[in-house]
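Please find one structure pasted underneath; my questions will follow.
In this document, chain identifiers A, B, C and D correspond to the written order of the chains, with residue numbering beginning at 1 in each.
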Amino acid sequence: MDERPDGIVVRGAKAHISEAPLSNELVVVPCRAMREDDKAYAVSFGIQANAPGITFISAEPEMKEAGNFFDYPLSASVYINDALVIFDDVFIPNERIFLKGEWQFAGHIAHMFGNFHRLSAETYKAAELEMVAGAAALMAEYNGIAKAGHVRDKLTWLTYYTEAVEILGLAACEHSVSDPDSGLAYPNPMHANIAKLFFADNWHQAIKYVQDIAGGIVATAPSAADWDNPELRPLIEKYLGAKLGVPTEHRLRLIKLIRDLGSSYEDVITLHAEGSLAAQRLSILELADFDRYKAAAKRAARIADGSYDAIYSELPEFPPRV
Amino acid sequence: MDERPDGIVVRGAKAHISEAPLSNELVVVPCRAMREDDKAYAVSFGIQANAPGITFISAEPEMKEAGNFFDYPLSASVYINDALVIFDDVFIPNERIFLKGEWQFAGHIAHMFGNFHRLSAETYKAAELEMVAGAAALMAEYNGIAKAGHVRDKLTWLTYYTEAVEILGLAACEHSVSDPDSGLAYPNPMHANIAKLFFADNWHQAIKYVQDIAGGIVATAPSAADWDNPELRPLIEKYLGAKLGVPTEHRLRLIKLIRDLGSSYEDVITLHAEGSLAAQRLSILELADFDRYKAAAKRAARIADGSYDAIYSELPEFPPRV
Amino acid sequence: MDERPDGIVVRGAKAHISEAPLSNELVVVPCRAMREDDKAYAVSFGIQANAPGITFISAEPEMKEAGNFFDYPLSASVYINDALVIFDDVFIPNERIFLKGEWQFAGHIAHMFGNFHRLSAETYKAAELEMVAGAAALMAEYNGIAKAGHVRDKLTWLTYYTEAVEILGLAACEHSVSDPDSGLAYPNPMHANIAKLFFADNWHQAIKYVQDIAGGIVATAPSAADWDNPELRPLIEKYLGAKLGVPTEHRLRLIKLIRDLGSSYEDVITLHAEGSLAAQRLSILELADFDRYKAAAKRAARIADGSYDAIYSELPEFPPRV
Amino acid sequence: MDERPDGIVVRGAKAHISEAPLSNELVVVPCRAMREDDKAYAVSFGIQANAPGITFISAEPEMKEAGNFFDYPLSASVYINDALVIFDDVFIPNERIFLKGEWQFAGHIAHMFGNFHRLSAETYKAAELEMVAGAAALMAEYNGIAKAGHVRDKLTWLTYYTEAVEILGLAACEHSVSDPDSGLAYPNPMHANIAKLFFADNWHQAIKYVQDIAGGIVATAPSAADWDNPELRPLIEKYLGAKLGVPTEHRLRLIKLIRDLGSSYEDVITLHAEGSLAAQRLSILELADFDRYKAAAKRAARIADGSYDAIYSELPEFPPRV
């Protein structure tokens, strides 16, 4: 960061910025708490995305073929366009600057960003998980195994997973917290971090269950090109059919959706978008009220060490002395 | 059940009735939906616990020695007194009868009992888990390993587990459902079943973590009798001490609490009280809205089978055709 | 199957036949035990792969771009070419027929095929897992986090997983079983099924750990086309660099390998190739010696029900009566 | 340690020494690698257990009532008698001393002790797990639920767990290693650590499954005192019966065995005896051949950094260049 009378000039890069190349405006915030040494990095500002000096390098898309919704129903529909955003001496006018070296506030901004960002994950994941649970249930139906005990167990677990994410995310909103200085209401950080950790930590299990129900055909299904070949279609129709009454085409389309759901791309954005598992774990550990928890254990173990807790120290001895 | 003009005479037994021998009144309800064949079992009534013909056979308590709170801090404090309650031709007067052969209603009662009972588990388990998390955190502190990476990971997980149970249970209340006929509000069944399944399914993991942090001493600590022996106490003080500043007595008391927490008794009531894991799984499967889930998957996979869903069928095609 | 004096004529299909289109000869065996009703399907034979009437429909490959080993190091190198093999009135001469309606032997053949096939999975998986564990260890090194506690835990688990598969698979060979009729030695079925279940059941966990160590960059890395662009390479070099001394190119190549390892394709062939998890579970349940296990429990619980076990019933009472 | 012309005088304590008070001789070895500063602790010797100055403080037994094999079939039969062994100026004559301050060898001894000790765990655990699997299978039979899908899944998992421990432990013997100096053969350290980690890490899962199959009755069964009461026995016989043909007594005995198997004591000795999970993890990490693993990843990712591996660097490029 260089200072000028009318603004600052910044250089550096931000990684993994979803939809950045599709945006009109970029808002840049610090990514962590900072110390005085980090002063030059303690900047925050808004800037139009096409300002001179800004370069985007987009991620390689997961989709294999644009517009082929048969083979790639999800990856050909959704491309988040995560980009590496490079600032090469970009001028930021004073009126667009939020932070200019006040390193003491960097942590507040980063932390508050996290509070909202965790929840944003739950909002789309709750919907995506309905699709995952639905893909498993529909596949079980198409494969004629919906009544098998182990399939019912997996569908139950997928329901539990799906609904718990919805409940936990909603609770983060319903138990929102107000910032005492600004009056800004934000999602409950403990709730939002738990919701994010819960869904990200269990994603691979969910995908494993869907893949287990679907079968090896997810790896070996023929492509749209074969399906569209008039010589091959009758053979595929006959030999890769679903249970009676379900068109082979529906089964193939569902198989392709399940392949898309289990991609590296889906795995990795579930784990790392909106903060990695390690970030949620760190937040939860910092938010934990271990003094209260320890007071509960001390009361039960009858450890009298002179510490006081507003809840547990006020409870009567148990069982009451006779 | 035999009918008399002034009431009914019942015989049979109810198993695992917590606190039954300590109660003034017993309320008996059917345990499942019934068919016409089961008519004789479709009874519900209230009766004083000392009515002629009622016998209680209490469970063997987990506690080893009454009043020894050093060695058995939990099991000597809490004895739920689960009993087998036997009705040997017990007369129930008409005015105490709620159901007398109307088998069509048996399922409603059993189901509604479950709705409340699941939640009752969360209310006490949320408090118990604070004790479990606190025992782990305090033990880590006493053993001088609170900063170790794997210990911090375990404390984080225990916090996540503890707080998620609180959030899910509270959400069951906040999203309560009203019975259309009676106006009775009851805990949200999906939320309450998820909360119960979440805590019961993860209990053994929690106990494993606490035991891992505590060390083999949980299995090998000397008893109160040794601690109270003036010849032995100085040796125990010296060789089984905690980190500097923590009395050995406190460490021993905590070790004993952790032993009590990991008992078969605690394991089994966590799994089975308020309904087994299988009961929650069955409830969740029944409550699942698979039609909506499947609609989500069909939209994504572009499966047009003529089915309609109020949410997903109304959404625009994605991505929009250009 | 139609019979002719000089052979049989077969029609039908075999699904998921790895490398089939690359083979000179196909050997066809029954896939399960059969009953008399299934007689027409109880056939086994060898036939050249280009016999009249045979059609292959190959699976869609996972690779996105042939020959692009930078972006797709694994999927562009390995294409197993699983195919649907269709037999449309294919003539099999008598001298190539192994089974022709003798349905009683179908199960033996299917079962013996499984015994060898389970083990074949372990042989290549043991090598693949060295690559998985190595990718995680190298990524931790490149990202400069190899000393972090949670990373060391994950590397330990990956080593445990990798080495256990090797040990279990080798044990299946070392404890091979001989068929009493033919003298044929085959891999120990219990050992081979346990080895297969162990690696397939834990694969998603392994991939999750590798992805966790690697970071979101696995989903968002730029492609070879960007890397080969002389304007962009310096920017990528600078901003996506590894720790000091490691070329950015090496980090990118490793990131791409990790993306390939976590693909749907890898997930699904690990779960389903050489038999699904359900197939291994069924085999293990059938092979289990529950009589011996129960005898162990009866002895410990002092249940005298008159049953006899060659091991446990011969052991002395414990503790000995004084 | 003080030196005298005819021997040394030692003081200190060893914790958790199984069977120590029942032994004739004690062999003392260092518990870890040592540095020059630790010289005074680098001692190893044999001594008769009743030598002057030795005190044992035994662990509190898990058993509740000596000789009551109905209620405590396991804990009344087996008491390992782990003891804190205190040496208060115990004289060790020169001819019983193995190590006297040669700190450089402390680590070798500790490490070699671990090699054998890990395996000793597997030998008894393999037998104990047959009892655990048998208790589950028998309970499923007694409760009439052996055919339920989720029960079969649990029995399959318990078989897999039981047999894998046997296979891994046996492999540690079959792949034993010879010490180059002494010619001493010892269990393969990688195999033995994996076997120990595998069984200890999965124990709580096994117990959870057994408890799940057994039901809440494990927490609420009446005691032998009630069973022996002639007024109560007919009621217990009738209302706590097993499936037809199984005496209620057998069911009760099995329930009590399952309670004993799930005790804190069993949990903790499984986790911590013969070294904690952390000890096994550390050993596995140290034994891991990460150079070979990394070479596998480098070859696959085509990372040419000049490193050489005897296996992977000698393999041909794949796929071959055309």
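Operating definition for what follows: contacts are C-beta pairs under 8 Å (C-beta built on N, C-alpha and C of every residue); 3 or more make two chains touch, one makes a residue touch a chain.
No experiment lies behind these values; they were computed from the predicted model shown.
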From chain A, the most remote chain by mean C-alpha position: D
Superposing rotation of chain C relative to chain D, computed on C-alpha atoms, to nearest 5°: 180
Computed distance of Cα centres, chain D from chain B, in Å: 30
Centre-of-Cα separation between chain C and chain B, whole angstrom: 40
Multi-partner residues of chain B (at least 2 other chains): 150, 152-153
Chain A to chain C touching residues, read off their complex: 13, 15-16, 55, 57-60, 62, 64, 71, 82-84, 86, 150, 204-205, 207-208, 211-212, 214-223, 226, 232, 235-236, 238-240, 258-265, 267-269, 271-273, 276-278
Chain D to chain A touching residues, read off their complex: 148-150, 152-153
Chain A-touching residues of chain B, taken from the complex the two chains share: 69-70, 73-74, 77-78, 127, 130-135, 137-138, 141, 152-153, 155-156, 159-160, 162-164, 167-168, 170-171, 174-175, 190-191, 194, 197-198, 247, 250, 253-254, 256-257, 281, 284-285, 287-288, 290, 292-298, 300-303, 305, 318-319
